[in-house]
Structure formats: structure tokens, C-alpha cells
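There are two complexes below, and they share chain A, which is joined by chain B in the first and by chain C in the second.
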Partner chain A sequence: MSETTPLPAVGIETVGMTKVFGSLRALEDVSVKVRPGSFHALLGENGAGKSTLVKCIMGFYQPTRGSLIVDGSEQVVRNPRDAMRLKLGMVYQHFTLVPSLTAAENLVISRPDCPNVIDWANEIAGIGAFFDKMPFKVPLRVPVSSLSAGEKQKLEILKQLYLDRRFLILDEPTSVLTPDEADEILGMLKGMTAAGELTILMITHKFREVNAYCDEVSVLRRGRFVGGGHVAETSTQSMAHMMIGDTKLRERSARLKAGDDKTVLELAALYAVDDEGLPAIESIDLKVHAGEIVGIAGVSGNGQSELVEVLSGQRELEDGRIFIRGQPFEPTRQHMDRFKVFGLPEEPLKNATAPRLSVAENMALRSFDKPPISKNGWWLSPGPMRDIARDLIERYRVKTPSPDTPIENLSGGNVQRAVLARELSGEVEVLIVANPCFGLDFASVAEIRSQIIEQRNAGAAVLLVSEDLDEILELADRVAVMSEGRITYVSPIGDTNRATIGHAMAGGH
Partner chain B sequence: MAVTDLGLMTVPLAIFAGAIRVSTPFLFVSLGECLTEKSGRINLGLEGTLVFGAMSGYATAYATGWPWLGVLVAGLAGSVFGMIHGIICKLPKVNDVAIGIAMMMFGTGIAFFLGKPFIQPQAPHLPAIDFGFWTSIPQLRVALEINPLFFVGIAVAIAMWWAFKNTRAGLIIRMTGDSAATAKAMGYSVDLVRFLATTAGGFLAGVGGSFLSLYYPGAWNEGLSSGQGLMAVALVIFSRWNPLACFGAALLFGGAGAIGPALQSIGISQGYYFYNAAPYILTLLIMIASVSPKRSLRGAPGELSITK
Partner chain C sequence: MTVTSQTSGEATSGPGAILGFLDRIRVASEYLVIPLIALVATAVLFSLFLLVLGKSPVDFFDLLWRGGFGTAFSWQNTLVRASPLILTALCVAIPAQLGLVIIGGEGALVLGGFIAAIVALPFIGWAPFWLTMPVMVVGAVVAGALWIGAVGALRHYRGINETISSLLMYYIAVAIMNFFVEGPFKDLSNPNKPSTAYIGDGNRVGKIGDTEVHWGLVAGIVLAIALWILMNRTTFGFAARITGGNVRAAKAQGLAVGRLMVIACMIAGASAGLAGYFEVAAIQGKANASLAAGYGFTGILVAFLARQNAIAIVPVAILLGGIAAAGGLIQRRMGLPDATVNVLTGLMFVVLLVSETLYGRIPLFKQRGS
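Moving on, here comes the complex of A and B:
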């Protein structure tokens, strides 16, 4: 690099970054250096403090101590606007596009120099010219709410580039993408960093992406910087070791031979509509036997979420019936209790918890009206509730400051564990899980998959909805593919392969 | 041909004229509510704003002799109500629906209190534009005397519709209404945007009120409003937060309100009260038809407390 033509890419360095939330030290003296023009990975377990670190960099949180150096000079970032001025940008774990605005409107309004009266012909031409330089595009004139998850993620990244950000933080950018989409996006970003146009700091749980795209890596554990270096000189194993230290990974439970062949869960001609009143799932017929995991594969948005919502009582069943052990089942609290139906829906914080209630209260949602928490069904005793929660927190290794912390303050992975603890601690006949490992670190993934296998071994009928084909191939005994609201392909896992399933997912049948 | 006898044609003609007259206040209040809701806040206090606008506009016109000044004062009074709503809602843990109901009581109450002296006197009316100069049929002439505020309302509706798409301010309002977190992330003050939108919405509702007292029915008394301010909320939902559709919906409500008087004008007084209830029945039917527990409201701003 010559002094006269500095790279457009921006480099940063944190010095002794510390962030304290009440009694919790989320970050402790973290110093990380990200070179301009590098593709830098930030790794760490769930709750290690990765999101907290990058939010401090972006001015969303004020660090308790520590400073930020941008391109060699110390800077104070009080809010995201300051970060913008320094050409720092971030794509968050959740989407930050305005759903009712079109892609073009989202892009134009995010520009600091957005004109008072917008000349759309001119703006669309400008965006078009910008898109021409990008390897991927998104439809400009439809509301963002009707784009697919992949398109939204592409648009989030395009927006940052459109705004001329030169240091880009990506917080688990590929969790909503198919592997092909992830490769497409990361490949293009890699090209831009190699050309010195952009610096990237990417939070991820996928070692594959780190090895394929990143130059350097930094690892956090329990809020501290524990190591890093060039990816080329660091093995996956040593990265994993830095993440979890000497903690032993849980052995993957062995898959026992399925016992009896009795049908437990039977779905007969299910039909339900989506929020717009259009058919979401149609003539779904499926049987799940005791001690069997049936995996439902499919590209996101083909009716899987609606199916799970129907089974968990969040969406009305328009037609068709559900049977459990031959008896009609309706997803009410009484029936779920009687038939021992449990579940882990996707986005558990939204779909399976009351976010502002404490961890203990959330863990008691299935049992608060039964002894020992309630002797007579209406008077709750907080003592036993907290004792049960302490036990579950211990057994399922939920990281939380205390049982009384609001569950929304836990990191994503720990919310998942807390819900799983509640759902799996009793006897389970039917288990419905949707994307159970979404956004989890590898240790938690191993842990949760083992739990699911154990439930299967104990004789539960498991319906596993997942967008991650690897997960289905690993866990399922039988696979069913959903496409456009219908089940288009069913096969025992031993008689099929990735290509066949992928073909069915893409709509070929 | 008998010049004065239009026979059954009188009814549609009267409904036409009535629809324009009755729809004007609906149009203004619903545009005000639409603007407020687009920014992510609901203002149920517009009924109070409407009544207070009617009173203050009438009082000003009476005192100065200028009805247009009355319209302006009504609008400004409405803005003040909007500002109060906006300021209170900025406080933490305040619910906009509850504040709206309180503001509704406050607005009507204070209007009745301050308006006592103006129940008797006659204030000058807003002039009408005579589009019927070409005809000699009296009924037609009367029907074509159209109030200027109606056209102002149409212009405001078109301007709002255009501005929501084509101006920075319009996009910021929509963004704030749909995703406050995003607006904040982009460095906009959500509270300020909502405050300004509520204030401007209050202005429109105040103007709508002045129409009631200065044009039709054209006097100030305590029974002046028949719930237009509240029905406007339903109307905005019905028109899916689209200002142009607000205009259509206002005409529909106006037409429904004009059925009773129109029938009475040709001597059918049977079911008079039933016909007068038509706008309310329409409101109910629309709410039932357009709101379903199974479907989300298409087009609703994501931040509205009623749809969240």
C-alpha cells in the first residue's frame, strides 16, 4: 500500500472494549484489530458477546470502557449516525428494511442526501447503474415484505454498498440463506475485499464459511478475546477449541433401532390459509411412527411455517384432521397436555416465550397450573417454580444471570435451550421442532440434536421441519419434501440422497 | 316540460348533493387520521378536535365576519390538540389509544364550555361555488352549489397520496409508521415525526369541524357532530391507509348519510331513522367485512398499536 493512494476500505481496532449490563460482564477488555481490505471472522459461542462487541463499534451501545480506532485515529461513536459518517455499516441479525416500502424506496430513503422531492425516473436509473456493477440484483418496485428471505438479505447488503460503506459488519448473514445463496453473496464480498474496496467483519457459526472466505479470525469466549490469527494457519479444530475451551463436547447419542411400528401422529388432508387468505398448505397427508423422526425439507416459505403453526394451534385448520394414536387431536392446551405434545417452534423468543417474563416463569408455562407449582390450580407458589427452573437451567446448561432475568435478555442460543428444557423435561409422545439449530453455535447444535435423537430413542414421534438439508440428512429416519404447500416427495432416508431431495425441493417431481 | 318537477330524479340528485356535503367533514378527518396513522400512531381524539374546530371556527367567523379566518383558526386549534396528543404520547409507557379517548372527552367538553355564548348568534357562512349557473332547474341548481372545502379536500387527498410516494417527508412518515427501529437506526427521531404528523392531522380535523359549523349544517350547537371523528377511524381502515381511497370512502359514507334526508325530500318519511343510521350500519358492516382474526390487515402500518 502506498501512502498516496490509500485504500477505500476502512480498518478498525477496538482497544480494551468492556461492556457491563447490570451485574453481567458481556465484554471484558476486548482488543481486536481488523485490517483494511480483510475478510475477518468473529467466532464465539452463543452469548460470548459477539453482537455486543459489534453494537459497541456501531454506537448502538456505549462501551463501559475502551476505545475505537478507525483508520489509525481514535474516534468516539455516540450513535449509528456517527458510525455512518466513518463509513462503518452493519447488517443485523434481524432485518432492518421497512416492509411496506419498495426496495427502491428503502434504498433512497436510507441515503443521507435523499432529496426532498424524489425524481423517481432519475433515482431508478441511478440504482440500475449501481446494480449493474453488482453480481446480484433484487426486484426494485415491489414492497420488501413480498421478497424472499434471501432477497431481503441481498438487499440489506446492497443497501450498505449503495451507501458507500467501506467497513461492513455482518451478524450471521447466512443463517437465512440456502448454501448456494450464501456462496453467491460471500463470494462477491470476498472479491470486493480482495480488491481493497471493502473490509468485512463477519459473525458466523459456520466453519465452512470461515475456511472458504475469511482471511483472519478472532475468537471470543465469555466476553473475552481468547485468540485468533490467519485462517490459513489456524485449523478448524483449534478454532473450536478456542471457542469452548476445555469443555467436553457432548457425545452424539447413538440412534437406536426403532421399536414398534405404531403410528402416533397422523395428519389427514390438512388445509390452511396464510395471512392473506390464500392457500398455504394443501392436502397434507403424513404419518409419523413411534420412535421415528420425519424430516420435512423445503425451501423456506413453502408452507412449512404454516404447517407448524397449525400443529401448535397458532393458525386455524380450515380442513382436514389430526390424529394422535388414532384419536382426534385439536391443538388446545388440554389436548397437548393429555397427548403429551411438545414443540420447539422457529423464532422461539417470539413464538414460544413471553419475552418480558422471567426465565423461571417461562420455564413454567407448561406446568404452572399443576403441582408442585400450584396445588389447587390457581394459586402459584414462586418457590417451587424457581427450584424447578434452577434444576432445568443446570441440566440444560442455560446461560442466564439468574432464573429471574427476563428471558428476552438471553442470547439467542440460550432462549432456545430454555424453551427446549421446558418442552423436553417431561415425558414426550409427539415432538414438533422447526429449525431447532437456527443461529446456534456448534456445541449447542450437537447438544440439541442429541436431545432430539434421545427423544426419538425413548419412543417419541418427532416431526422435524428444517431448512438445513444437512440437519435432515443427519437426524431424520424418513424425509418428506414440501413444495408450494404440498408434500411432493417422501422417502426413507436410506433410499434417497441429497441430489434427489434437492431436486424435489426445487419443485421437480 | 315542467321545469320544477323532476319526479324521481330528485332522489339521486339529493343524494348526490348530500353526499358531497356530508362527505366533506369525513374527508378532512379521515385524511388527518390517515396521516397520523401512517406515522404509526392512532389518534382517537379527532372527534374532540372536530367539535372544538367547529366551535372555534364559528366563534372566529362571528367575531370577525370572515368565515375563511374561522377555517384557519379551527385548523390551528386542531393542531394544538394534535400537539398535546403528540407531547403526551412521547412520555414513556403512555398508550396512544387511551390518550386519544381522553383528548376526545377533553375536546368536546371544552368546546361545549367555551361555546355556550355562540349557540344563538348567526355567523357568516362559507360561500358556495355555483356550478349550476347554466341550468334553470332549481333542484339542479341547488345540487350544484358545491362548497369550496370539498375541492380543497380532494386536493389535499391527491397531494398526500403523491407525497407518500414521491417526497422524502412522505417516505420518512411511512418508515416511522412501519418500523420504528429502522427509522431510529437511520437517525430519525420517531417521536418528532409522529408529533408533526399528529399535529398536521389535527389541523385537518379542525378544518373538517369548521365545515360543520360554517357550511353544513351551518350553526354551532352541542349536537353538531354525529361521531364523524370516530367513524373516520373505521374509514381509514376501510381505505387501507390510502388517501385517495379515503376520498372514495368518504363519498360512500356521505352518500349513506344523505339517503334519509333525500327520501324525506320526496315525502318518504317511513324508516327515516333507519336511513339516518345508515352510516353507522355501514361502519359496522365494513368493520366486520374488513377485519378478520385470521388475516392480518393488508397495508396496515406495522407500528400501529391496534394491529401490533
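Moving on, here comes the complex of A and C:
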């Protein structure tokens, strides 16, 4: 980079950005400056307004007040296309690639100037040349659906670079990645920002990533900018304090001695196939006792999500039996009620809610056919439904403008809370949990983990499927490792360690 | 955590509450204004079409008004046509709550009407209305329910696209009726147009008062209200809406998704079958090819214009009934072919589908602060 040409990286600044939804002030007078070539972290608890801020920058929302300065001059971004012209790009928490197309095809069709007749040989040569300049690669010619989560995330980022975006917003980019994958990607991006080729604004809940990769940090709390600065000069503790103010963190609930030792949940020789009809889980045998948390560890894609789907009734059980307290269980509504089976599935917006229905309606998913919402089993009373929702919203501190807001308008963390409130507010015998802390701020993580422990202490049998080994080590009484659709290793948590579990996860045994 | 002024503040009391209420009306009015825009756009496009044909749009819309709504007579004509439209639109709107797009309501109408005419045969000539009528209604309703219910079952248990299968089943329904009407059940006293035997004056459904409008209109309105209540105020409707909102979540709640789909489709088919009964018992007096008059297909348009809302279906059906009623007058006075009004309704459907993309794009209706 010579002195005369300006850096390709683009810098931005928001000035007094305010965004109001109905009666809710999601952003209030937020001024944040992101220097060109910096790696900037945006922190804040769930519902603080992080996504709203970046959506205003990208033109998905129009700010109620405030302006945006790009490379020193004020710009109006009316829609994402305007943002594209200003070389602003964004990688979403969820993948936006077309699964059935190859990486190369995904890149070419994403170009705004994509020709009507595509000269593939030429395009692929162009992409090859572009890839040669990039610090990381992905296979170009296989369908995206067969790439791993890490590769997909790399491809999402490569796509932005291919489109010549020089200011990249990453909304919780590592929540779907293993720590190793996250380190690889963030390390490479760090190199690009240091070289002045790119500016990054990253929303994250992980202090580890902020400390390891970011130069600067800005913190939002309840829609306001509450502080920030150089990461090197800011301790994790003070970042956390800026995020939640003087709020006390929920004390981690103490682990009580397990009650009776009876088997509550028993899985016997479960067999199920994936969407392509290939075996996804094979001869799964597992017992979970009352007052016990069994953690299922494993590298993503080894049958864990299929197992959860089978237990929650989203996937057909081809063979095998499920027993609860010795009686056969099928995931029907009657059985779920009789055996008090509850679940916290991963990606709650996709698995546990009807996104366009209101918060109140979503909170009633479990109870709409029982008193007091329905006294006789078929007539629905909206009054009690809303009252119950109000109570749950308050008890579980769900941030929502009103019980009638469509649940898809809530921030990611608050959707999770709403589901938690629905599933854990009654008496629980069996709890099926999958990656419950994806995308949650540290205060919510502490809260949810405490809730899970409390359910265990109250005698629930908890099956915890998690890709986060730390979570399993912290919560589980016993750990089981899943590999290629089978349980390959089971051990009480006291008799094992991270290395042994990691070895089993990698397919040893 | 202390909940501060962030969420409270404006909308809780005083003028804030009124403003909040007005704001909600403004946001909700999107569902009224966008269909109206679509209707106006249709009128403009159709006027261009008429100008190309060398006809006056002013004359056309004047005749449309007079033929559909201008006189007591045209109102009656309109309402007669609206009543099957309400019933066939319900056949679209109810499965739509579960995310199913059923376009074969015409098949259930045809089959329902045919079965009603068949089951009436043993009663003709001796049985009183109050004996024959329930038998015919049950026959029509059951036939329609099984027909569209099969579509729902195919969708859930075999993964067959309900839109395509319902359309194909419409052709089968017409073929079945034609086969029997031209064969085993052909009324030999009427050689010109193959039909079933006339059900007899005593088995016809009467008119309301001294109008031309038959009781099918009342049945349609009552059913529309009942189904609105079913979908919005009962646990069945709630479970159906969850299923439509997210099948995965519905399954995870242990809801019997397949059963819900089949039942919703059966209700839908029953409604279209009932339309068939009224076409036979109030209009035709027998089953023949005239049953397939296209009410089932216009009903799709009605349901979409009404945004699948059972109650909104009633006024929309009356509007489209009026357009259909004016067809004859327009044909005679302007020398335009009868199909002209079909062009109008077809155009309306296309514009309406395009207008779906407007939702959420008009800043006036966006959620914002005061």
C-alpha cells in the first residue's frame, strides 16, 4: 500500500441514530465511530439494539432520526442496494447461500452485474484468481449443502469480499462454529483489517473473541451507547459492567444431591434416518435418571439434531423404543402432557415458535387447550391467554413492546427467553435441551444454565445436547459422546476430562 | 433488573394510549388499502384494454355498476352469484390457515352437487322437503369433504403437492359426473342436455321473501361467521394456525399435524360441496355439466382478495358476484363477448398477486414512533 492511494477499507460513523418501533425505543441517540481498517466489536445484552443498529446502517430499517457518515461524507442509505454501492456488506447469523448450488455458482449469481448468459469457464477462472488473493479457501465445485458450517461461514465472508465490500458487518458470526473454526476465520479477517483492506464491525457475545481479535469496542445498553474504547485498555469486567450496568448476575444455582436414582428417560435402540433416507442415528441406548443432567457432546452433524428431533416428534422414529418411567412414550401431545416432557430446541424461531403469531400466542403453545385458556378443551379465551403471557413476560423478563407483538420482532435472545418461559414455568419431569445458549448474552446464559440446574435439582431428568464442551462440563452429571450417529462413550463427569471427551468426539474408541 | 422507561412511557396512558391506538389502526389499514390499490390498478389496466378494443371504459364501468349493483334486480342477481362464491372461497381460506393452497374447490362443488342430485333420486315424488333436503345436504357435504380431505391426506401422508393434486382431482370429479350423467343416471326425458332426473319442485330450496335470492346466501354467511369463529376462537383453529405458522414447532408441541390438515381440508371440501347442493337444489334442479360454471375458481380469487379471512370473504364475494352478474348486460349493450368479464377477473387476480409484494414496503404503514 503506497502513501498516495487511500486504503481500500471503508470507515463509518453513526450520528445520533435513533430508531423507534411503535412505543419501543430500540435505539436512542447512538453515535458510534468505526475507523477504516479496524476490527470493531459491538457488545450489548439481548435486545440492546445491536441488530437494529446494523440494520439501520445497511438500509433494512430507516432510522427515525440520525445520520450515517461513510468515509467522511454523510450518506443516506435507503435500502441494501444503496449500502452495496457504498461497499457496505453484512453477514447474517443464518446462512443465505443457495444450498443446491456450488460455491462458485453462489458467488456468480450474487453479483449485481451478473450477466444473463453466464460464461462459466471464464467466471470460474475469475473466481480462481480472486481466491488466490484470499487468505482462506473453500471447495468451489461441490454443492454448498455438503460444506461444513465453518466452510459455509467462510464462503459467506468470501462472497462479501468477492462483491468488493470493504466494510463488513458480522452479526454473531461464530455462533454456528466450533472454537477452532471461529479462531481460523477471525484470525484471517484480523489479518485483512490490519493490512487496511477491510473494516469489520462484529456483533458478538463472546468476550474471548473480543479480547483476541478486536481493536476497539462499543457497548449498547437498552438502545443507548454506554461506552467503549480500545480493547487493549478495557478490561473484560468493565465491558461486562457497561453491558448490564449494576444489575446483579444471577447466582449459579448450587448442584444438589440427586434425589431418587430412578431411571426416568430410557432410550432403547433408537434408529432414525436423515432427510436423504440415510441412517442418522443408530442403536442409541441411553438412560437418564431423575435429578440428572446427561450431556451429549459431539462434533456438529453426528446425529445430535436428529436425535432431538426424534425425541420432540419432528422426525419419525424408524426403530427402537422410548420409555418414560418404564412406560412407552410417543411424542404426542397427550404423552407430553402426561409425562411432563418439555423441550428447549436450538434455533427457537425455527423450531419452537410460529414467527408471525404474537408473543402471547406463542407462549400459549403448550397450554392453549387446557384451563384457564380453554376451560372445556375447545373454546379459546384470549383474556387468560394474554394474562398468562403478561405474567410470564414479567417473570422471565422478556423484552417485548407488548404481548401482541409478533414474536419474530423480538431480539434473538428474547425469543429464547419467551420459549424458556413457556417450557419451564410448570412442573417438568423430562427436559430435552439443545444448544440452549446460542446467541445469548452472558447474563442470559447464566440465567438459563441456572434454570436448567434448578430443574435438575427439582428432580427432572435432563438431556442436554450441546456443541459447547464447556457447557457440558459445567452442567452435566454424566457425559455421552455421539459420533457418526452412535453413542461411543459414556462417563460420569467426575471420571473424565476434556482431552478424553475430545478424543471420543474425534472418533477415537 | 429495574425496568426503566424504555418499554413503558408513551403507550401506557392518556394521549399516548389514543395515539398508540390510532397508530395500530394506521398499521392495520394496510390490509384494506393495498387490496383497494390493487382494485384501482385493475380498473386502470382494464380501461386500457377496452380502449385498445375501441370501447369506452366509462360505458363499461357504468354498465358494470348498473348490472351488478344499480337496481334491486341487479342486486338480487349479484347475491345469487355471491352465495356459491362465499362457500367456494371458504374452501380456499380454511386450508390456507395451515399453509395449504387448495385450488380444486370446483371439483368438490361439482361432485357435491352431483351426489346431492343422486341421493335425491329415491325420494323424488313422495318425500317431503324436510326429509329429502337433509339427505341431499349430507350427501353433498360428505362427498366434498372426502374429496378435498383426500387431497389433505395425500399431502400429509405421501407428500404430494396439494395445489396440483386438488387441480387434477377437479378434472377427475368432472369426469366422474359426466360419466354417470351421460350413462347410468341419464334422465331420458331430457335428451338434449345429459342430466340427472329433476329433483322435483318440492325438493327445491326456496327464495328469501319475494326476492330471487335463495337461502344459500344465508347459509354461506352463517358458515363464514362460524368458520371465522372456529379458526380464531377455538383450540382447533389455534392449533391449525400454529401448524400454518410453523409446522416444525407444531410437531414439537405434539400436535397431530396430519389430522389437522385432513380435517381442515374436509371442512373446506364440505363447504364447496354445500355450494354444489345449492346449485342443484336452488338453481339447476338437476346435476349436469352446468355445475362446472367456474364458481370454484372465482372462489380462489375471492379468498385471496379477502386475505383468507373468512368474514372478509362475504363482501368480496358480493363484489365479484356483481361483476359476474353484469356480464350479460355488458355483452348485450357493448357488443363485447361474455368472456370480457373473465378478462377483468383474471386481470384482477394477477394484479392482486403482484400487490402481495407491497406488504411491508409502504412507509405510511410501517411501525414507527409518534
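Here are a few things to note about the model shown:
Heads up, the rule we're going with is that the second predicted complex is superposed on the first by the 502 of 509 C-alpha atoms of A that agree within 3 Å, B and C clash if a C-alpha of one lies under 4 Å from a C-alpha of the other, contacts with A are read in each partner's own complex, and residues count from 1 in each chain.
Here is the rule we use: contacts are C-beta pairs under 8 Å (C-beta built on N, C-alpha and C of every residue); 3 or more make two chains touch, one makes a residue touch a chain.
Quick caveat, the model's predicted, so the values are computed rather than measured.
With both structures placed on the common chain, the touch criterion links A:S146 to neither chain B nor chain C.
In the superposition on chain A, A:N497 contacts neither chain B nor chain C.
Using the contact criterion defined above for the overlaid structures, shared-chain residue A:S235 touches neither chain B nor chain C, since it reaches no partner.
Of the two partner chains placed by superposition, only chain B is touched by A:I118; chain C is not.
Contact with chain B, but none with chain C, is seen for A:N79 once the two complexes are overlaid on the shared chain. Taking chain A as the reference chain, the count of touched residues is higher for C when chain B and chain C are set side by side.
After overlaying the two complexes on the shared chain, residue contacts for A:E316 are found with chain B alone; chain C is out of touch.
By the touch criterion stated above, A:P331 is placed in contact with chain C alone, chain B being left untouched. Once both structures are placed on chain A, no chain A residue is touched by chain B and, in the other complex, by chain C.
If you check the complex, the residues on chain C that touch chain A are 1, 3-4, 6-7, 9-11, 16, 20, 23, 233-239, 241-242, 244-246, 248-256, 363, 367-369.
Residues 79-81, 84, 96-101, 105, 108-110, 114-118, 120, 273, 275-277, 316 of chain A are the ones that touch chain B when the two sit in their complex. Looking at the complex, you find that chain A touches chain C at residues 20-25, 62, 64, 222-223, 247, 312-314, 331-337, 343, 345, 350-357, 361, 364-366, 368-369, 374, 377-380, 382, 397, 399-402. In the complex of the two chains, the chain B residues touching chain A come out as 165-169, 171-172, 174-175, 178-179, 181-182, 185-187, 292, 294-296, 298-299, 301-302.
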